[in-house]
Amino acid sequence: MFFHVQKLINEIIPDEPDPAAANALQEGLGGQFGEMRTMMQYLFQSFNFRGKAKPYLDLIQGIGVEEISHVELIATTINHLLDGSPRYRGEIPANGATPLNIALKEGNIHHFLVGAQGALPIDAAGNPWSGSYVYNSGNLVLDLLNNLVLEATGRLQKCRLYEMTNNKTARSTIAYLIVRDEVHEKAYAKALETLGVQWGKILPIPKFDASKMPEVKRLMDMGLHNQLHHWRLDGSEMSKIFHGPSPAQDGTLTTTQKPPEGAPIKLGEARPEEFAPGLTSELEKLIQQIEAVKV
Amino acid sequence: MFFHVQKLINEIIPDEPDPAAANALQEGLGGQFGEMRTMMQYLFQSFNFRGKAKPYLDLIQGIGVEEISHVELIATTINHLLDGSPRYRGEIPANGATPLNIALKEGNIHHFLVGAQGALPIDAAGNPWSGSYVYNSGNLVLDLLNNLVLEATGRLQKCRLYEMTNNKTARSTIAYLIVRDEVHEKAYAKALETLGVQWGKILPIPKFDASKMPEVKRLMDMGLHNQLHHWRLDGSEMSKIFHGPSPAQDGTLTTTQKPPEGAPIKLGEARPEEFAPGLTSELEKLIQQIEAVKV
Amino acid sequence: MFFHVQKLINEIIPDEPDPAAANALQEGLGGQFGEMRTMMQYLFQSFNFRGKAKPYLDLIQGIGVEEISHVELIATTINHLLDGSPRYRGEIPANGATPLNIALKEGNIHHFLVGAQGALPIDAAGNPWSGSYVYNSGNLVLDLLNNLVLEATGRLQKCRLYEMTNNKTARSTIAYLIVRDEVHEKAYAKALETLGVQWGKILPIPKFDASKMPEVKRLMDMGLHNQLHHWRLDGSEMSKIFHGPSPAQDGTLTTTQKPPEGAPIKLGEARPEEFAPGLTSELEKLIQQIEAVKV
Amino acid sequence: MFFHVQKLINEIIPDEPDPAAANALQEGLGGQFGEMRTMMQYLFQSFNFRGKAKPYLDLIQGIGVEEISHVELIATTINHLLDGSPRYRGEIPANGATPLNIALKEGNIHHFLVGAQGALPIDAAGNPWSGSYVYNSGNLVLDLLNNLVLEATGRLQKCRLYEMTNNKTARSTIAYLIVRDEVHEKAYAKALETLGVQWGKILPIPKFDASKMPEVKRLMDMGLHNQLHHWRLDGSEMSKIFHGPSPAQDGTLTTTQKPPEGAPIKLGEARPEEFAPGLTSELEKLIQQIEAVKV
Amino acid sequence: MFFHVQKLINEIIPDEPDPAAANALQEGLGGQFGEMRTMMQYLFQSFNFRGKAKPYLDLIQGIGVEEISHVELIATTINHLLDGSPRYRGEIPANGATPLNIALKEGNIHHFLVGAQGALPIDAAGNPWSGSYVYNSGNLVLDLLNNLVLEATGRLQKCRLYEMTNNKTARSTIAYLIVRDEVHEKAYAKALETLGVQWGKILPIPKFDASKMPEVKRLMDMGLHNQLHHWRLDGSEMSKIFHGPSPAQDGTLTTTQKPPEGAPIKLGEARPEEFAPGLTSELEKLIQQIEAVKV
Amino acid sequence: MFFHVQKLINEIIPDEPDPAAANALQEGLGGQFGEMRTMMQYLFQSFNFRGKAKPYLDLIQGIGVEEISHVELIATTINHLLDGSPRYRGEIPANGATPLNIALKEGNIHHFLVGAQGALPIDAAGNPWSGSYVYNSGNLVLDLLNNLVLEATGRLQKCRLYEMTNNKTARSTIAYLIVRDEVHEKAYAKALETLGVQWGKILPIPKFDASKMPEVKRLMDMGLHNQLHHWRLDGSEMSKIFHGPSPAQDGTLTTTQKPPEGAPIKLGEARPEEFAPGLTSELEKLIQQIEAVKV
């Protein structure tokens, strides 16, 4: 059973809208190595888990639950990058005006035509997310190895995204996910270490001097690259694996008992040029009556 | 942010394995009108929500969170229907034996070949789940109408599944989802009622004498067809909409403050014929050491 | 602009339902070389036609219009093969009954679960029809050659379907389409003949002694393998091409001025086990009022 | 059986070519809520229709036939927007010239590379049309509700397209389809009204002051937003439903007995840079002989 | 540049046709972890290779070339399993006969309807092979890790196939590929060993007592599980990596300088019921003239 | 069995990088009528070949083998067009720099985000290559006709690519493939000629004055438009068909006994901004040790 708190797992820094960056970030949401894949892959692996290796189940499933919050974070980031990008506010435009003309020129036209300046379950090239991305062989060693490759590839792509844009909104989430993908990479590497593998000097993948990416470094200085929360209201055994020396030889792993505070979520404003939410004043009055209901 | 409790939202009744029924249930999991779609559609609609109509956001998102638990429930049900269906237990088979021969004859061969007798993110005809299923126009009235059609179609398909199999494992989850889809249908119908629509006698869709389906009737007698929980650790305004007379004219809607107890989850056993989890005795010993860790 | 008459282009012979044959016929409807492809390919080629070669446009478009009627015919044939295949009639079944159990065993489960014992826009392996099937290069010679390959492949597949089933319903439509695909093949071959190609002895493809297929021979004896109607209410120039000796050296081509009579269409009955159309007696009464309206 | 007249259902206003606008309009042709979907969905629903509710069948099928003409109209509009966009006319270009260079910069490269400056069965993001878009549950109330959502979503997208471009060619067809989608929306809303639903103030969806879109208003002033033709050569019962007060409370619905006049279709010119139709002078002479044939 | 010898890389043992086994083997050909994927993945990785690590390039590319021969082997095996499965030989059947009736009952109908009892580029559930399967991140460590997971998953699936059928034709190729996938797994594991990784006791994946699979053991006794040929006419540096102790601790790796002898390929016979090759006696005579040409 | 020489089948002329041209060339690699399709189609047709017409098998398979080298050539060409397009060389960029910003503006973002400035198995609109492209009906005449249409369409698209870009790198490969597609077109046309077809004046398709494309003319002056090599180490009977007068009436066909010399392949340099190959100095040292191994 799953529960929700209406907060973001990390703060999004405000900046100008940028639909091309929004489109790039779709890879991190709906791409073959994006957050929808990690979320679904770990949930399926935990629903289908075989054998008695409870700490391994709790580790995979705990990361899976964190990924749902990542989906929420990156979708919201994409919204912020899209929202208002047509630089148009107010009423439905008068004759001749083309407030959505930007849609013909930047990013993915579906962000303005199918969605209403909001995130979509697609990748940066417009391919819809596919269930065929989910890997769940049932063989524990293989599932762990695939998870490691998945996290490392996701992190590689986010490092490339970092170098595509310096929009602060985009980078605040990209940097956060570079760090979290690294933690997840280590979690699976550590689990394989318990089964006898030694990683030498290859971790994390990709390996580089993080001081070149100050937004990333800031989060590492806070220790976020070595901490994992279990996201369970009924306790978890994941810490039996996720503790002790990092398999990347850069500190000590910690399973935290307290979830992060979370950042407030700002609701999107109405966009008349998108007919979203598209309410007439008559319908708005009906909604205000509902909001006034006491229950 | 999302949280988890390692329990099922409803109990699964034990019965014989049945891979053909397992395959049929995949439609309810990964089909165009299955639980993965409802979950993703409502989460995207809430992440991309525009305007100030907070109770409507909370309603859509609350149902979305319940759907994650439905994905967990139906995936686990499919596992129970698959697990052990080859009627083979024990070591890797000796020469000449074909313990997985059933895979050539019943259901979807991928359940035995790609997965290890476990659920997959596909429909009953083998199509992988697609992001193109998610509907999120940004227009509130349209999103609510589409959600209503989605729930009613999901319920229609589950009614048809009910008539395809009388396996108790399958039916316990089918019956539960027939009732829950009905509640969600009513939730969206009620939300449209607050905007001025009157439904006459068409609800619920499909409409039939539930006493013909005793497993469904049992849950309705417990009132489950008129109750909704909000699944929020930080409160919810959904009850401003979900209360008062049912739009199907069959009782009173209630938003519950306490989540269900949940049913325990039984972990799948090792299946040597699937090499799942495929651990040698050496690796099993390493895992036992991890399980013995005190943290 | 398009118009309709509620009749079938050829008669369907009644026989027992057969869901496996119905599924096989889906290839002829929604397969890569089925009627939806021919219809869409010729319509796109005619909408996008370049140059002044009017008789060629009229030929391609005229065949395209005939193909819409073929889609209607084969979809209806599939319905007849599916309808009643569960051998169940009457009310929603009582507890324990599984009137749709056949769906787990024969044909494509989607015929019973997604559709209501009716045709779907998919092929015999369950793949949905795709726009990528449509070939329209804009080069006239290439488009004609591709159309010839398309018709010949469609005909080849229908010949194979003929050998898969002897259900009379299935065979009446299969035989008709074998003959019509042959005519269309000749039409494109003849158009290429006007551009200088000589076909030798390779036509029609595939080439065989039609007397082995009596249902086909009966239609050929009526001359249906050498006639084409133009389906235009405002006249057509296609006969400038489609006349004279057949490129398969088996008679004389004729463009007919009168459309076929058409066969009556029998409406499907209600199927309570499918909740289709799923009307309660209250709703049926409302519908009877509408039927009684005089306008 | 289907018939054709070589005329367009509405006039296309000439303007400059615009490949980016052409690409945007592809959503209206081959998108998930475009005209190919409506056409196929209503045709399948009518081929698979169950029960005796003849006026409902005639309504759905009649709209389906109109949609074929919409496919013809929007495909032709896309052609006009693409044709000549490279600003190149005449012979195959000399060495070094790149008459198709525009294809690397604007719209969808497939319009120039796979097609010959002509429409394709894809959406504005390049996804091919898919048979999985077609909804046909067999449950009459659900099919009508889905049709309503489909038309309203199509109309929403066309309103957004209106705000993306002020090219007159594009807008003449966009405006026409905004009005026709509204009529179809009302037709399904009215059909549900006959089954007891009351729509309050939510129709049409989206709802806005049409005087902001003069091209739309002009057509409404002609009454096109409340008229439906049946497109049947053998009569129709659809008027039993489609008459009386509009469910959007904006006038009276009328089923017209006479089809529209139709606008002439201008054939595309040869485009040597596309090798379309790609005829040498030898082949052109052969074609002229065919055109001179008297039959 | 690539070259060919018309021989198979391993012998196929004759046995009865078995279309269900043929369909299962499609996973090994066109599945997400089948031979078409390995072939394309390694070829793309080598075409796109960056940096000076020549032995790594030669290793990846050499395995890629071997995979083309695996595609040839498994496609031919599927043919042998399909060919003659309808138990029909001779002329096109007389009226009433249904020589292809088996297509409605076993395996994938496309094997008889789209192909002519021959292999298709699809998986065991009928999904066409997709370019999205190819992994080529450009990061050397990640590409090697993914290749390892790919080979191990391919081997896991072939082990499961082994347990699905004891048809000798199927098993001769399955056993061969289990052994070759193991060698490729070791090749990538060894390459990662040179970069500092130590694998402990997890290799090969999956790990089991091969004496339970005598067809596999026979090939291992010949040493095939530790040998790799480079398939290059111009020499190769792959042996700099592929030599010395096996990372699975089961012997010594050897790069062979001489390719295997190869087994003769038996051409498929004509199948009149498939109209394949579908030659009339007139056409056969023309072909005999070509065969008699001296050049 | 397949073999390899690490050389390109034709030389690539150096020029500036151009990611938009790289993207356009993807159609020739991974498009529906690109080299991956021709390669796979001819290999499947030869693996599944039926009947005794050995020269026809050898012709189809020989061309298939050449196509693997075409895949190698065009993939490498795309690499050259992408490599260095960000105009960035050296270390990972400092904070604020966005060396991959070009990815948001030109071509396909996946070339920089999923690949590392390297070719992908997709078309110019981003669709992944699909197994459904492969045509192999088993009917010899139809397979030959489809192959002819395939080559002619591939050639048509390459002629259009020629007119999209004058980048010398792009054009050197485009011109080569225009000529080779013409040869393959003639090969299939000739094979059909042996079965009685006469092509008149329609070949080659498309037909134009090649002197307008000097890069093409240069290769034709060398006779490359009438020569075919058999690519077999064990001899071939293809010359029984491929000899004598060209079916395009432009010279004499020759089957060459000696393969082309081949052009050297230049390995891509490391791209730090892509983390490709992403080796730290520690890992580079390990690799140098491997390169120093004597075996």
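Letters A, B, C, D, E and F name the chains as they come in the text, with residue numbers starting at 1 for each one.
We take it that a residue touches a chain if its C-beta (ideal position, glycine included) is under 8 Å from a C-beta of that chain, and two chains touch if they have at least 3 such contacts.
Listed by chain with UniProt protein names: A, B, C, D, E, F = Mn-containing catalase.
Small disclaimer: the values here were computed from a predicted structure and weren't measured.
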If each hop has to land on a touching chain, what is the smallest number of hops from subunit D (Mn-containing catalase) to subunit E (Mn-containing catalase)?
2
A correct list of chains touching both subunit C (Mn-containing catalase) and subunit D (Mn-containing catalase) reads B, F
Chain copies touching (subunit A (Mn-containing catalase), subunit D (Mn-containing catalase)) - same or different residues, decided at half shared:
different
Out of E-F, C-D or A-F, find the interface that copies B-E, where copy means more than half of the contact pairs are identical.
A-F
In whole angstrom, how far does the Cα centroid of subunit A (Mn-containing catalase) sit from the Cα centroid of subunit B (Mn-containing catalase)?
23
Rounded to the nearest Å, the gap separating the Cα centres of subunit A (Mn-containing catalase) and subunit E (Mn-containing catalase) is 38
Taking each chain's centre as the mean of its CA atoms, how far is subunit B (Mn-containing catalase) from subunit F (Mn-containing catalase) in angstrom?
47
Subunit D (Mn-containing catalase) to subunit F (Mn-containing catalase): how many Å between their CA centres?
38
Residue numbers in subunit F (Mn-containing catalase) touching two or more further chains are 32, 114, 122, 126-128, 130, 132, 137, 139, 141-142, 156, 195-196, 201-202, 205-206, 274-275, 278, 283
Looking only at which chains touch which, which shape fits best: line, ring, star, complete or other?
other
I'd like to see which chains touch which, written out pair by pair.
A-B, A-D, A-E, A-F, B-C, B-D, B-E, C-D, C-E, C-F, D-F, E-F
Which residues of subunit A (Mn-containing catalase) touch subunit E (Mn-containing catalase) once you look at their complex with the stated criterion?
32, 127, 130, 132, 135, 137, 139, 141-142, 145-146, 148-149, 152-153, 156, 192, 195-202, 205-206
Within the complex, which stretch of subunit E (Mn-containing catalase) touches subunit C (Mn-containing catalase)?
91-101, 103-105, 108-110, 112-114, 122, 126, 128, 273-275, 278, 280, 282-283
Of all residues in subunit E (Mn-containing catalase), those that touch subunit F (Mn-containing catalase) in their complex
1-9, 30, 36, 40, 43-44, 47-57, 61-62, 65, 68-69, 71-72, 75-76, 79, 114-122, 128-132, 134, 136-142, 194-196, 231-234, 237, 239-241, 243, 255, 259-260, 262, 267-271, 274-279, 283, 286-287, 289-291, 293, 295
Which bits of subunit E (Mn-containing catalase) are touching subunit B (Mn-containing catalase) when the two form their complex?
20-21, 23-24, 27, 31-32, 124-127, 156-157, 159-161, 163-166, 201-202, 205-209, 212-214
